[in-house]
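Taking it in order: structure first as structure tokens, then the write-up.
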């Protein structure tokens, strides 16, 4: 089965973000989305550690340890940026002021439940960070992920078996094989990549998928 | 005359008792009050409960405090980092208790402590393990869990500049938990790069008013700032680098 | 390119529907968005619910809106002032509903609306008439009442300077309810003295980040400020005075 | 019965405020206290409309309509002052960060209940402002008042008949006749002015008063 690369998935997500949107890109792969935002529009990137108007990575030698993103990587601030403290930053999120957040996932259920913070393994060191706040706070939660886990199992599932991050919070999933919307009737295929077909995806996920033509 | 400045970090952390709850500012290394933590290690208080977003990284600062076995319990959102080996080892060996709190609930609970809110209903974490056993209520059609304030005996935080009344300004994302922890502790101790004259901070731009601050100590400029100007030349940990290659010098 | 500035106050208040809930900033006259209120009077929306600390004074601004019979209900902490005759008359005649809220609960309920808090337990007002019928709970030995967020369809506020992204700074105690109302309304409309270039506001000193703001309109300098400098020469209502005698000119 | 003037009461309160205290002076008579704060100590005046470090009234011609106190009178800001918004200002109060507030009163009960916002008259325009927040939030609530209402009735009462502002919140009452502490055993006379005696005060108030010598 051919699909698209992680960079292409990031590009696809970037293309769906409208001018003027307030967006939080989660730690890890979702940060790639920033590289593909068009230059001719203005997207406001929020990082939960207290900055709105986050810019690109700094040049070597211009790294500022006080200016980092949620993944603790050095970033820059655009003209027009603003700093604020943690309670204000999460109020922004919880209060529904962010249009979109993009998160990674271990599993997404057909009801939009998200599991992305813990595998539940007994020896794992747990860490949740801002994932639950983002999942419950942003107007739209997009997931960016491979369709299949390394084990080959589908990350799209009937019900999550990993510990939940949020209940019914995901609206859309961008994968290397296809893009899915979460609907009241389960997952709906929104876009297909490479030689994927709905039948192929149903086989890979073991799920019945909705489909009414590509968007 | 009110003068909250103290001469050195040892005096700044005087009186932290064994068994105290101590908030420690910072998000990763940004805003972590490393000099105050080192002084707390010297001071010797043990059996501490620490409230901090992370559980330390590398072998310095908060990680060193944990490494010395001074911490009984930690309340944080993100203990696991690529370099959190000190915490990881303690946790796996059963040597530290962990209360894991979603980051926004952690921030809001600290804010509630400082602002005198008895408890609040939060939509974050509903339906997850981290809400297990918590009171739940549906308000305006949305599920919420009841969260209680977090208060501390001491807060140790890092700011950029302060004055003798304890007014503070921060620097960039190193602000993070500083303002809410300052308000949430009985005794708030702040390390700043520089103590400035009263009136030198613009009253429109003061982020933490002095009412929340008890002690201020100057620890000198951060390496990447000279005379108030960003000069760079470091990596994200603050270590000097070769600006051509990025290699640590 | 994102440009939240609008050309005039009429455009700024477009679309306020009959029956809307509208937050109006200000504490007395300080921070009251008089030009936006005048535009709202022109615009004609009626049957409004107003959330504001006071219920207007004199015959202008909020008092004028009330005087035109546009307001069905007002939520505020301190309607009675020496010059609140417009409200007083309406209230005595049964021409306006009043929800009286202690000022701190008013502020915190607005803040809760903007910050996505479902409800909170407040110690303020416990055991008084203003807590009648409210859920009560003792937490940590202290009585609290449960208070719910206040949200609005529109907020009309006054700031000092803003940019095209909607970032705002305020002036002195005219800040008051502006930042929390900006966050608490679906559509936030701001009048500023001056729109400045993007980047002209220090990101450390921005009080309201643009995410909370939808429309910004410049209304020109307040009378007592010229080129960013306080020049005085007015009374507390902002009317020009003889600086020797204090008499209104 | 002789007593002391309102200015003298203000002076007496000012003398009891320690160096470095954070203080809120309520609207009306309590604002007089500011005139008697010693010059050689630093007291931080908080006004709930968003200023800590409030200074004296401005000179004529230097009035700034953006810089007012809770009574909407023009004030100044000292070097070292800070501005903040209303939620932060009342968080400061509710969170127990103010050492002292001084409020006026209609009635104070022997349990420390305060009534100062409404006479309960059916035609009155109600207004509460920040009184309930101050009453419940400050570490110490001082009341500044005449002992007797204009009607001649005592403002110190067994139980308030006017609508309450706060329950069990008052710690001390400064009147023109005497100073009283609120104790678990009722009012205790702390200081006597003019030719007042405990017997005289008991007659005026109709209450049994505690007394164990002047402070």
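The letters A, B, C and D name the chains in turn, as written, and every chain counts its residues from 1.
Note that a contact is a pair of C-beta atoms (placed from the backbone, for glycine too) under 8 Å apart; a residue touches a chain by one contact, two chains touch by 3 or more.
Quick caveat, the model's predicted, so the values are computed rather than measured.
Chains making contact with chain A as well as with chain C: B. Between C-D and B-D, more C-beta contact pairs are found at C-D.
In whole angstrom, the spacing between the mean C-alpha positions of chain A and chain D is 54.
One inter-chain figure worth recording: chain A and chain B are separated by 28 Å, centre to centre, where each centre is the mean of the chain's CA atoms. Chain D has its Cα centroid 36 Å from the Cα centroid of chain B. Counting partners per residue, chain C has 108, 111, 115-117, 122-123, 170-172, 204, 207 as the residues that reach two or more other chains. Contacts with at least two other chains are made by residues 77, 83-84, 87, 90-91, 93-94, 137 of chain D.
Looking at which chains touch one another, you get A-B, A-C, B-C, B-D, C-D. Against chain B, in their complex, chain A makes its touches with residues 47-51, 58, 60-68, 72-74, 77, 83-87, 89-91, 93-94, 113, 118, 123, 125-133, 136-137, 163-167.
Residues of chain C touching chain D in their complex: 27-31, 53, 77-81, 84, 87-88, 91-92, 98, 100-108, 110-111, 122-130, 143, 170-180, 207, 222, 224, 230, 232-238, 241, 243-246. Note for the complex: chain C touches chain A at residues 1-2, 111, 113-117, 163-165, 167, 183, 198-199, 201, 203-204, 206, 209-212. The touching residues of chain A, counted against chain C in their complex, run 19-20, 22, 41-42, 44, 46, 52-53, 77, 79-84, 87, 90-98, 137.
Residues of chain C that touch chain B in their complex: 108, 112, 115-123, 137, 139-140, 142, 144, 148, 169-172, 202, 204-205, 207.
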